[in-house]
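Look at the two complexes coming up: subunit A is in both, with subunit B in one and subunit C in the other.
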Partner chain A sequence: MPNEKSSVLQDSGFDYSDITPIPLKTIDPNDLKTPALCDILYSDDYRELISLLRPLMKANEHSQRALYLTDMIIERIAGHYTVWSYRYNILETLSSKDKSNGSSELTNELAWCEEVALQNPKNYQIWHYRGLIIDLLLDRYPDQFDIEGEYKILKHMLNEDNKNYHVWSYRRLFVEKFDLFDKKEELQFVRDKINEDMRNNSAWNHLFFLKFGRYKLKLQKTVDDSVVSDEISFAKELISKAPTNPSSWNYLNGIYKILKKNIIELKSFVTQFTNLVYEDSVSVYAFELLAEIHVLEKDLEESKKVYELLAKTLDPVRVNYWEYKKAQLTVV
Partner chain B sequence: MENASQPKQAEKQDNSESDSTPSSEQEPKPKLEKQRHISYFKRFLSLLPSQFESEDSNKLAIIYFSLCGLDLLNAIPLVFPNKTELQSHIDWIYAHSITTESYFGFRGSLVYEHCGNERYDPVNLASTCFALQVLLLLGDDLARVNRVKLMRYVKLCQNEDGSFAPFVELESGKKLGDVDVRYCMLASLCRKIMKWDEYLDERKGHTYDSDEVFDIDIDGLTRYIKSLKSFDGGLAQASMLESHAGLTYCGLCALSMINQLHPEEWQDTINFLVHRQLYYNLYNQNELRDNEYAELEDNGGFDGRVNKYADTCYAFWCCASLDLLGGLKLVHSEAVLGYLLQQTQHPYMGGFLKTNDDDMPDPLHSFLGLCVCCFFGNGDYGCDGLDKIDSGFVLSKKTVEHWRTIKFVDQ
Partner chain C sequence: MAPDTTDDDRDKKIAKLQFLIGLTNLQTSQQSKSKSKSKSKPKLDRFDSILEMLETSKPQIPQVEQETYPSRTINAQLQVEKNVIGIYENFLEKGSNNIPEIETLKHVQYVRFYLQNPLPVEMLGYDSLHTWTIYWLLNARCTLGGYDKISKVEKDAIIDKVFSFWMDETDAIGGFSGSDGEYQLPHIASSYAALLSLVIIIDDDNYKRIKKNLDVEKIHQWLLSLKQPDGSFFMHTNGETDVRAMYCALVIINLLGIKDEKLTENCIEWLVSCQNYEGGFGGDLMDEAHGGYAFCGLNALLLLIDTPKQLYDLIDVDSLISWMVKRQYGMEGGFSGRTNKLVDGCYSTWVGALSPLLEVVTGTEELINREKLQNYILCCCQDPGKFGGFKDKPTMRCDFYHTNYVSCGLSFCNSFHFIDEDIMKEDGLAFSFKAAKLDDDCPLGLVDPVFTVPIGAPLRFKKYMKRE
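Here is the complex of A and B:
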């Protein structure tokens, strides 16, 4: 747009003057009797960018200037669902093997992803997109992929927000893809995260994935006894440190559930946390587990008493749930 | 986080003195500010400043939240008394529709127009679902929706493993976008709104899997959703990821829409869901001291993941999930209403905040907060006179009634 006074693209270093823009309809200020629902008063910058993006997409132009434009769009509207596939398609062309700098297009792109992710930790599209670029890199220039670089960015992102769901999801995919279940650094990372904050449920979940993921995903038939006993001890140790932390209890329960182990063997451990004289070591989760242990012992009366205690005294916000559990006992 | 942990400790002492029941009788009960909520939702249905550009693709969702909010407040006739105005809004929603030779559906915003249907202006599952819900809210009879073409597209979005992609690049046939159980829900909802079970029933005896008589892979979808269940009973974004109340709702809703939700299979999920309601008292007061995410003000509210803050939207995702499983009565309704109306309802602007640390309400949290009020309809909290909500469609009972009367005419 050579004649526009202040184009948002004037410092881009690219020439867009040959493109015929497809502008967005403008709102007629004289006809506001029935404005459209949720009508956004677009800024001039946004209008200009969209008016150029549309013809470029329509022509499916794969060029550096198109790449630059998608960056500008993503910065303003990360939820634009096709600009991501357009950007990917552009990269696919620019990084083709017959191009001299094909591989650096992809490594630069990973750096770009990193920058976008750091600027906006809630941008969840970026992680899916990053996964696609890595696939492309592995397909075309496998020796250019730097797995340590991935560790660095993941570590950084999780230090910024140690419960960021998108980043943990990406990490999970990453572990599965490169079979990092037993990698020392991976285990150390997640143990450190838990030691840093033993209430970081995302970290507990990741540990569960590392330890029992291959079994659950049917990649292996059994879990080593030593792994099971180590993890049970780990959970018990952290429960003892903070008996009211649900994450460690869920972890312990999860191991028993997934391996179909008998929870009766937890009884002596659990009853350390059900003595009301010692308020500081009382845990509602211990009582909940105790009620289930009583059921397995076929002592429904005792189980009923526990649910009554939970409902009336220990955890009254779930009074209806504990009553429901109690009512179910008669059915068992 | 550091700052947040200081007031917590001060309040901890008060709490240990008080009795441990979630709602005390003496305090005056906070009330739902109905008029302010009406004004709040009205605002989003009009002109919005350019700061909303980033939400351009989610426009139909914002319309849905706001319009459905008004509908639950029984305020649509009040806000849109004029039939021709309603009609022009209906037309405007249809302006977002895309019809190709084989497919029909909606795009998220008119910014996608002129980018080429085959590649960059595809039908989007989320936009399609929101558009259909908005049309129902506006009283439209869906006569301009071609349900066979729409369902063809929904089917096209399904992956081998039973999950759904949000959209497909028609030229290459590539399924694009993040795979997520949200799209399972949106696909199932579209199918339900299209009355696809009835459609197939009417065509019994026809060859299955023809161009006209076909269905999504129901078994595959069911299997996929079940595979997302975590060891603690909640559902996650992928197998073995951390369970999350919002994603749990999406999975359960999808199953409910395809008649595959059997509560006896989800008892551990009920357990996960009821434990999302937060409550700090004498027996877990150490959390207020040691857990940086524990706050006394969150009492009664719901978190979405274990050891997180209460957030308005999770009150809805949990209550609605429990409702789908026949367990809404397991919730402590006064505690959650107390939390929402005292902590996250904006007393002047109307609407609900995401958490009590936020400053500005947003349409999603405002709508979902209101939905929770509709579940319980408790007059003591000013929640009487609201319409009931259907937990599967997430529409008012009266709009679901309107949907029931719709007869599709297939070409």
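Here is the complex of A and C:
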């Protein structure tokens, strides 16, 4: 163990001297006989932190000094799920209603989460953890929860990385939890995201969720006609701006699929793009949809021609797939 | 260690024959004889294939869109296209004798070095992924041709290590924690990775020891404690629920033979609802379609159903295929994980394994373009120097995760899969996948697309678990 002077915890303001450390086993880097199998040559400070964490966890100690220790470890390994889980248990105790500063423990924790999130944008645990803390806050001190604070951090995170999977997933849960499907700001945010980058598929997915989520989740029996026609127009407008963008095509197609609408009505729209010849690019999605429309029209010959065109000239990397689609036609 | 070698050889020969006459799917071969056509596609050599890729592929984003609507996506995509084209052109200039091959030797050296030696402190982040790091390296070693070369010393060390992660202090807890069982929580994905390492190394000599150490009933109880009424599983206490947790749990359940109604209740319903409007699967209901989750989602279903055709009753197979093939980019040849995202070598497994699975389900010869994926892997995911390992894309560094999943992807490029109907009836669909090489000279091992371990290993493990 490192001596007191070099302790990584010397400036912590907490006293850990009563704890009997449980040290991690030492590794001999010169042992050539046994395969090390990914044992890590830990640093002394990490060894010290874990050697204190283990007895504290064993004793189920839910204290400020334990909380501080988890902070130090997460700073070193953000993906340390055990420590996240232990930290949650600590907070659950520290924020109980009989504590004088229970609510500020939780609001401080949300602020701490933000710092960690900004430093670890790809982390799995943090957003789930944040959700758990918010649930605690809502359960114990509902008037202390500031929904605007959530918007702020989410906005910041999605500015940094506009396709961050975990953040978008958190945002979806957040919308569901507070029933924000129709909230103007939420819709404006996601439309702005799409407008600044039409190929941000995560934003398209979120828009789909806002507009059709309640229907898909069976919270609603139907989708308003006006919503459907607005979204179809929106998708068409953006396809017209960028006809090779798969995100807007998938959105349009997705609406038809989920509502079981007839794609034949898209024929005149689609043919605008199958007739459009760019020198350097082609709207594969328009051709794929056109082939499917021909199938519904029972015009298998036309459909076959489209698949052949895709396989031979327009989209040769997917030649196997187009051949497969063509082969399916004869089966039908 | 390669039990049943003669059987395997026979299977390979039969399979190859079937494949050559255009019948990759043994299961449907009887009914589909009339409709199958013999297609002999001339195989391009790699030089011509790269040349063809550059000549015929169009950039994803037309010039006019680049100019009118510049965006982050466009910038990032153009950058990758530029890098990759540069690399391909460079190889073409050097001529057909210098097109990269699979540099098995240096990759094996990389993997063996990291299995043998302790990791430097810079890799501290792996501390909560310990069972994963062992599995990634061990499986990569097998895929790179070392399945039968793992020594008894190594196997014993792996068994010791894996069981050092076991937590048996708490009654209700079983499973493997990320590392050093005395202080880390058991975790479904960590347990999955630990179990896969045991699946790889189990043999006549050590199975009794493995069996004795695995407290199957405790694992069963622990998984039940993580099960949610909607069908999903928590990854760990206070943890998240997602399609990964579901897939990993079902792999464990199937390997240990503890499938029961309580564990599988509502699983199918929950999984099916994770297929989103694009055709792929998200991590949770209505999340964005993603390669990793699509792999987990489809395989989780295959671990629950009895025959491949049942898939058609559950999900929209056609839209999954349509989404899957769109993950492959013409200029790069590699796969992206999501719509409008960049190619990344790891999707050679996450998306690459979907292709053989869906080829079996549909009875199709080939869905994705193996040749072009292989071009990306060989030219862009391995370093030109003497250091081994695989990576995401040319500008990145090699790591354990990519080394495993890119190797598996490369194996998928060089093989095709089919179902053994007898095994399917006897042991379940997920255990019945067999494979054969497209090219006998390929040095890579065959990989199971459901469990991502050497083909045949899951069934062998299951049988050992039943043996006295």
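Everything below uses one rule, namely that the second predicted complex is superposed on the first by the 316 of 332 C-alpha atoms of A that agree within 3 Å, B and C clash if a C-alpha of one lies under 4 Å from a C-alpha of the other, contacts with A are read in each partner's own complex, and residues count from 1 in each chain.
Criterion: a residue touches a chain if its C-beta (ideal position, glycine included) is under 8 Å from a C-beta of that chain, and two chains touch if they have at least 3 such contacts.
This one's a predicted model, so the numbers in the text were calculated from it and none came from an experiment.
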Exercise for the section: Please tell me, clash or fit, for subunit B and subunit C sharing subunit A in the overlay. Expected result: clash
Exercise for the section: Examine A:N162 and indicate which partner it touches, taking first as subunit B and second as subunit C; both and neither are also allowed. Expected result: second
Handout entry: Contacts of A:S43 with subunit B and subunit C, given as first, second, both or neither
Key = both
Practice task
May I ask you to decide whether A:Y170 touches subunit B, subunit C, both, or neither, giving the answer as first, second, both or neither?
Solution key: neither
Exercise for the section: For A:E196, select first, second, both or neither according to whether it touches subunit B, subunit C, the two together, or no partner. Expected result: second
Exercise for the section: Considering only the touch criterion stated at the top, classify A:W112 as touching first (subunit B), second (subunit C), both, or neither. Expected result: neither
Exercise for the section: Considering only touches as defined above, state whether A:F273 meets subunit B (first), subunit C (second), both or neither. Expected result: neither
Practice task
Pick one for A:N60: touches subunit B only (first), subunit C only (second), both, or neither.
Solution key: first
Completion exercise
Clash list for subunit C against subunit B, restricted to 4-12, 22-30 or 364-372, contains only 364-372
Handout entry: Overlapping contact positions on subunit A, where the subunit C interface meets the subunit B interface
Key = 22, 24-25, 27, 32, 34-43, 46, 50, 53-54, 57, 76-82, 84-85, 124-125, 128, 163, 165, 168-169, 172, 197, 199-202, 205, 208-209, 212-213, 216-217, 242, 244-247, 250, 253-255, 257-258, 279-280, 282, 315-321, 324
Practice task
Quick one: which bits of subunit B touch subunit A in the complex? Just the residue numbers, please.
Solution key: 20-22, 44-50, 52-59, 62-63, 66-67, 85, 88-89, 92-93, 108, 110-116, 119-122, 124, 166-167, 169, 174, 176-178, 230-232, 237-244, 268, 270, 274-275, 277-279, 281-284, 286-287, 290-293, 299-300, 305-308, 327, 329-332, 335
Practice task
Please give the residue numbers of subunit A that touch subunit C in the complex, ascending.
Solution key: 22, 24-25, 27, 29, 32-43, 46, 50, 53-54, 57, 76-82, 84-85, 88-89, 124-125, 128, 132, 162-163, 165, 168-169, 172, 196-202, 205, 208-209, 212-213, 216-217, 241-242, 244-247, 250-251, 253-255, 257-258, 278-282, 288, 315-321, 324, 327, 330-331
Handout entry: Touching residues on subunit C, where the partner in the complex is subunit A
Key = 35, 52-53, 56-65, 68-69, 71-74, 114-121, 123-130, 133-134, 137, 153-154, 157-158, 161, 177-178, 180, 182-185, 187, 235-240, 273, 276-278, 282-290, 316, 319, 321-322, 325-326, 328-330, 333, 338-341, 362, 364-369, 372
Handout entry: Residue numbers on subunit A that touch subunit B, as the complex places them
Key = 22, 24-25, 27, 32, 34-43, 46, 50, 53-55, 57-58, 60, 76-82, 84-86, 124-125, 128, 163, 165, 168-169, 172-173, 197, 199-202, 205-206, 208-209, 212-213, 216-217, 242, 244-247, 250, 253-255, 257-258, 279-280, 282-284, 313-321, 324
